[in-house]
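Read the structure below first, then the notes.
Going in written order, the chains are labelled A, B, C and D, and every chain counts its residues from 1.
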Amino acid sequence: MGKSIDQLFVNAKQWLLSWLAGSPGWVIQVASILINIFMLLAVFLTLFALMSVLERKILARMQNRYGPNRVGPFGLFQPIADGIKMLIKEDIVPARADKLVHFIAPVLIAAVAILTLGVIPYGRNMTPFTIDGGILFFFAVGATTELAVFMAGWASNNKFSMLGAMRAIAQMFSYELPLIITVLPVVMVVGSLMPDRIVAAQAEYTFGLVPRWFVFTPWGGVAFILFFVSGLVESNRTPFDVPEGESEIVAGHMTEYSGFKYATFFMAEYIGMFAVSGLAATLFLGGWHAPARVLEIIPSYVWFFVKLSALLFVYIWLRATLPRIRVDQMMNFAWKFMLPMAFTCIIAAAVWHYAERGLRGWLWSLVVIAVVYTALSILLDTRRKFAPRVYRFAE
Amino acid sequence: MSALILDYLWLIPAVPFAASLIILSLPNARRRSAAALAVAGQVAVLALSVVAFLPTLQTHGFRAAQNFTWFTFGDNALRLGFVLDPLAAAMLLMISLVGLCIFVFSIGYMAEDKNFVRFFAYLSFFSGAMLGVVIANSLLLLFIFWELVGLASYLLIGFWIERPSAAAAAKKAFITTRIGDMGFFLGMLWLYDRSGTLLFYDDGKGCLESAGLAMLGASATFIALLIFFGAVGKSGQFPLHVWLPDAMEGPTPVSALIHAATMVAAGVFLVARVYPLFSLGAINGVTSSLTVVVWIGVTTALMAALIAIAQADIKRILAYSTVSQLGLMMVSLGVGGVAAGIMHLLAHGFFKALLFLGSGSVIHGCHGEQDIQKMGGLRRFMPVTFATYAIGMMALSGVPFLFSGGWTKEEILHATAHWPMSPVPYYLILAGVVLTALYMTRQIIYVFLGNSRTAAEHAHESPRVMTMPLTVLALGAILLSVLLTPAWPWLHGYLTGEPVHFEIGRLIQPMLFVSLVLVSAGIGVGLWIYRKAGMQDGDRPAEIDPLEYAQPALFRFLANKMWIDELYAHTIIAFSWMSARLSNWMDRYFWDGLVRGFGAIGQLFGIFTSGVDERGINAGVDETTVGARGLGRLMSAAHSGQIQTYLGMVAIGMLALLLLYAWLA
Amino acid sequence: MTPTLQAFVAVSGALFSIGLLAALSRRHAIFILIGIELMLAAANLNFIAFWRFAPQPHQPTGVMLAIFSIAISAAEAAVGLAMVIAVYRHYHTTNVDQLDQLKG
Amino acid sequence: MNNAAFILVAILTLAAALAAATLRKLMHAALSFAVALVGLAAFFFLLGAEFVGLVLVFIYIGAVAVLIVFTILLTRRDVGKDRGFNWAGVLIAFAVFCGLTWSILKTQSLAIVAPHIRALTVKRIGEALMTGYVWPLQCVGVLLTAALIGALILVMEEKR
């Protein structure tokens, strides 16, 4: 029973493909790919719509007001209204803009975002695009985002756009390093770049109740936090939304975009957010595994999406809580704290591994991390680093 | 104990030297510590001198020398040493005691000076050198200290370097004494050549002992005279006396210490020290060298006394009196009264220092005024100074009974009276005594008696730190006389080593009356001449000197120091100028011409060779160079600096290789 | 019907020529860099292709070579671009025709 | 891998590369250079070296391309005036192209079909890197560090 529900979607896909039985192999291949893509788009565009409205409502709650509550029940149809509005808006392209690039940029960015979704396992046997170097694929494709952002900023031939793009690229570069390096310990411990394997490695339970998720090891925990923060930056969310800070540069690289292109950017950002959170869940939170054996009757994809939405909630929560960080502070943080800690995670993971992954390893890796952390916190005395700002040019 | 102090004699000069070194290294602001150091050093020296004095008391004619080897060249070593005998011990006591007084005095006198620290450094340095002179047991060592003393006096005379007159005086003193020292040096060399040693006492082998003296023979006279020349220079005897009055440019304590009490006495001391050289082969106490000494001394004594009468500067008067007193000592040495001379030297050390310090106190009180014409009536303002000064004056002018000067002078007269060669010196000296009394009276009258004139208006008594040494010295000047009375000539006995016994009868002698008469005559005449001087009051300076009124020409002659300076200026100095100019000319035109000539020859040669180079060798080289350059241009044409061109070349080369390969395959 | 090695090598040759074209004919320094990168890419393609078509050794030599060459060309790109910027700072131009200080 | 895919990818790659070499606007050239590299990556996928393809995309698109466009921005004031081609260079390049193609087509030993090979997993690559190629790996690490530092020093503002 549980099995069937768990494998519901898989079986559905098989059923659909069985219609094409007897046609040449590549047809079936293409068909299955198309089905995957369709499913991805369907699920995540819905999630995007849902997210957009939920975010507004949650923010409203946190800021002690009602969010959108006019369109539909509890304003649930708000995204539809937004979509229509976006669609029927005039699409303005600046006269001096580089038309072609200006057009390609949003397309590329959205495409990239969606591509990254492809390698994440959403459930048992539910990985749309199984590839040996899945994690690498994720990052390789994700890296293209920077180029896209740059294209957007450059093509719209506007100082705000250019500056925004610059900022975005700068911060993406700086945080891509911790992002990737925090993944390395997991890859090392599992010994594979394949998301499925990584998920599988976190299947067991210690003493039958505590799941063997990497987040529960010292290195894993730290790596998870670092990864999450870097993901926050990668998806330009508060408190790291410097590239599109309304108060400073109108909307960063999206300034000259309007109508549906703008919507596309927006969507791309959210989807990127989903992707990063999904990867985080996969790498550290045991993917689609249930937190306890007894709960395994509940289907795996549910668990995955529960974790995903939990992370997304944290995103929203942070956005409601934290103010925007200054650029120089952000860079300092990336290079002077995040990066060393990420490397420390690698070492700690190695220690953990060579101490038979048991309690001893646990303690030892904890020690390593604690030592480095204290050393760092002494070295970069924040009171000095983030001294009150001197306005050199603004007297 | 005696042996002990002998081993540590070297400490006596060493302590002040060390003190001066330390003081020199002090910053300019540490006045207090500087003075403290200097005085402490002096006290230590005094203590040492006392300790050194004791053994000489125990045995009559005590003499101990402590010799050591300085360095050896070949097989003969150069040996220096220290000697301790009554002469040295007495000098030590006198120098260290007077020195101490003067040190203390100068604390007050130099209080406002900005170079206070440096002053005390020099002072200690001087005292070290002087003590060294006294205890040296080797003519060489003595000479070394002698020169150090000269250096110290140079530094101290020119202490107020900002005054050109001071600098000039310092130079004058240095050069004049150098002239004398040259004689000294020559004598020393000659002596060494003859006797092979410069040690005075070297248990029988010293140059002042029978063995050494035997080797000298006839040359002793010349050696003695040469050394005496040095003494003349230091002690400001007749031809070389000119520097001493000018030396008064220095601070008064310096004048007191160096140019009255100690250094100028060094000449006399030197003669006394090497007396055996002078008296070698004497026929009833007369040798040619001693005769020279006598005449020089007499001339100096009389001349200086005469000049002193006509001087207006309080210090200059004292300076000339010093000169004449030194002359007196020389005379007594010359006529064989060594003990008398030394006794006078010691006594003179005390009272002349006293007088100088008194004049210093006066100058200090009159805010730097030195012209006695402008003073007067100071007795009311500075009683202590007046009292002590009067004592000094009495002692100097030789009032008998309870002033040391009286007895010593009497002894000298005594000695001179019996000089077999001629009676002239004796009478001249009598005149000198009268003159001494005269000018001292004059000075007293002008300075202390009568009404106060311009400079004396705001006069004030000096601080205790200055008056105390005065009293001490005054007491010394008086108490010393106890040791000098003919009734109990202890000091005489101590110096000569003869046994002494008390005999009241000897107190009364003809000579006593003679000196009494002379001194009273001098003082009386003085009082009579200057009875009206300085009696008028008001801010006007004194009316012209009575003597000048009487004998203007003579007075001017005296006032201008007998034009001796001018004489030198027009003879010796002019000559040296001329010779300097001559040698300059020689240098410039004659020798230089020669050198230039050789240079020209070299140049000619150079021109020739360069011609050869230009014409002959270079041409070939140039040709080759041109060829090379052409080739280089050819090459560098390909070197366009364009990367793309290079890359294209590479590509073409690759293409060529490719085609070749393909064609082969 | 699958492409032969010849096809791959031909493509890489064409790629190489295009790189050479960029490097030789464009005057902007960055074009030269792009050209060089393209030529390196062609080389990489050759490595992989020959590895794929050759009888398999124990270790994937061609792939290794490709990986290393990629890393090195990345370094080369970084330094090259830095040099372009430095040159631009000095001469205020990136036109390689004007950069002929080394002219003999 | 089949001809269709190959031809598609080949056309894409060569077209993009040609654009990168010849486009007037430097920025467009740089972007099409990125496209060309994507095409190359596709070739690698076709040849069964996914890992290398991914690495290529990762490094070139993620890093080198961005570096290039940044450089273009930093030296922008110079891009404005367009200077034509260096025709001599074009000729040479064309000659080389002809020579290469001719000799490649002439070489018969190249006309072979791909043999069947076991898939090249990342694991195998990793093992190779960590065993046989560990020294080259270290050297590349050093090289990259040196390049990083060198680039930094080159672009550092001269203090004066």
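By our rule, a contact is a pair of C-beta atoms (placed from the backbone, for glycine too) under 8 Å apart; a residue touches a chain by one contact, two chains touch by 3 or more.
It should be emphasised that the depicted structure is a prediction, and the values quoted were computed from it without experimental measurement.
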Any chain in contact with chain A as well as chain B: D
Of C-D and B-C, whichever chain pair has more C-beta contact pairs: C-D
Euclidean distance of C-alpha centroids - chain C vs chain D, Å: 6
Between chain A and chain C, centroid-to-centroid distance (C-alpha), Å: 34
Separation of chain B from chain C, taking each centre as the mean of its C-alpha atoms, in whole Å: 95
Intercentroid distance (Cα basis), chain D paired with chain B, Å: 98
Two or more partner chains touched - positions in chain C: 20, 23-24, 27, 97
Junction residues of chain B, two or more chains touched: 644, 648, 651
Of all residues in chain A, the ones touching two or more other chains: none
Chain-chain contacts as defined at top: A-D, B-C, B-D, C-D
Residues of chain B that touch chain C when the two form their complex: 635-644, 647-648, 651
Chain B-touching residues of chain C, taken from the complex the two chains share: 20, 23-24, 27, 32, 96-97, 99-104
Touching residues (chain side chain D, partner chain C) in the complex: 1-3, 6, 10, 13-14, 17-18, 20-22, 26, 29-30, 33, 36-37, 40, 43-44, 47-49, 51-52, 55-56, 59-60, 63-64, 67-68, 70-72, 74-75, 77-79, 83, 85-90, 92-94, 96-97, 100-101, 104-105, 107, 110-115, 117-118, 120, 124-125, 128-129, 132-133, 136, 140, 143-144, 146-148, 150-152, 154-155
Complex contacts: residues of chain A adjacent to chain D: 98, 100-101, 131-133, 136-137, 139-141, 143-144, 146-147, 150-151, 154, 162, 169, 173, 176, 191-193
Sites on chain D touched by chain A in the complex: 25, 27-28, 31, 34, 50-51, 54-55, 57-58, 61-63, 65-66, 69-70, 73, 119, 121-123
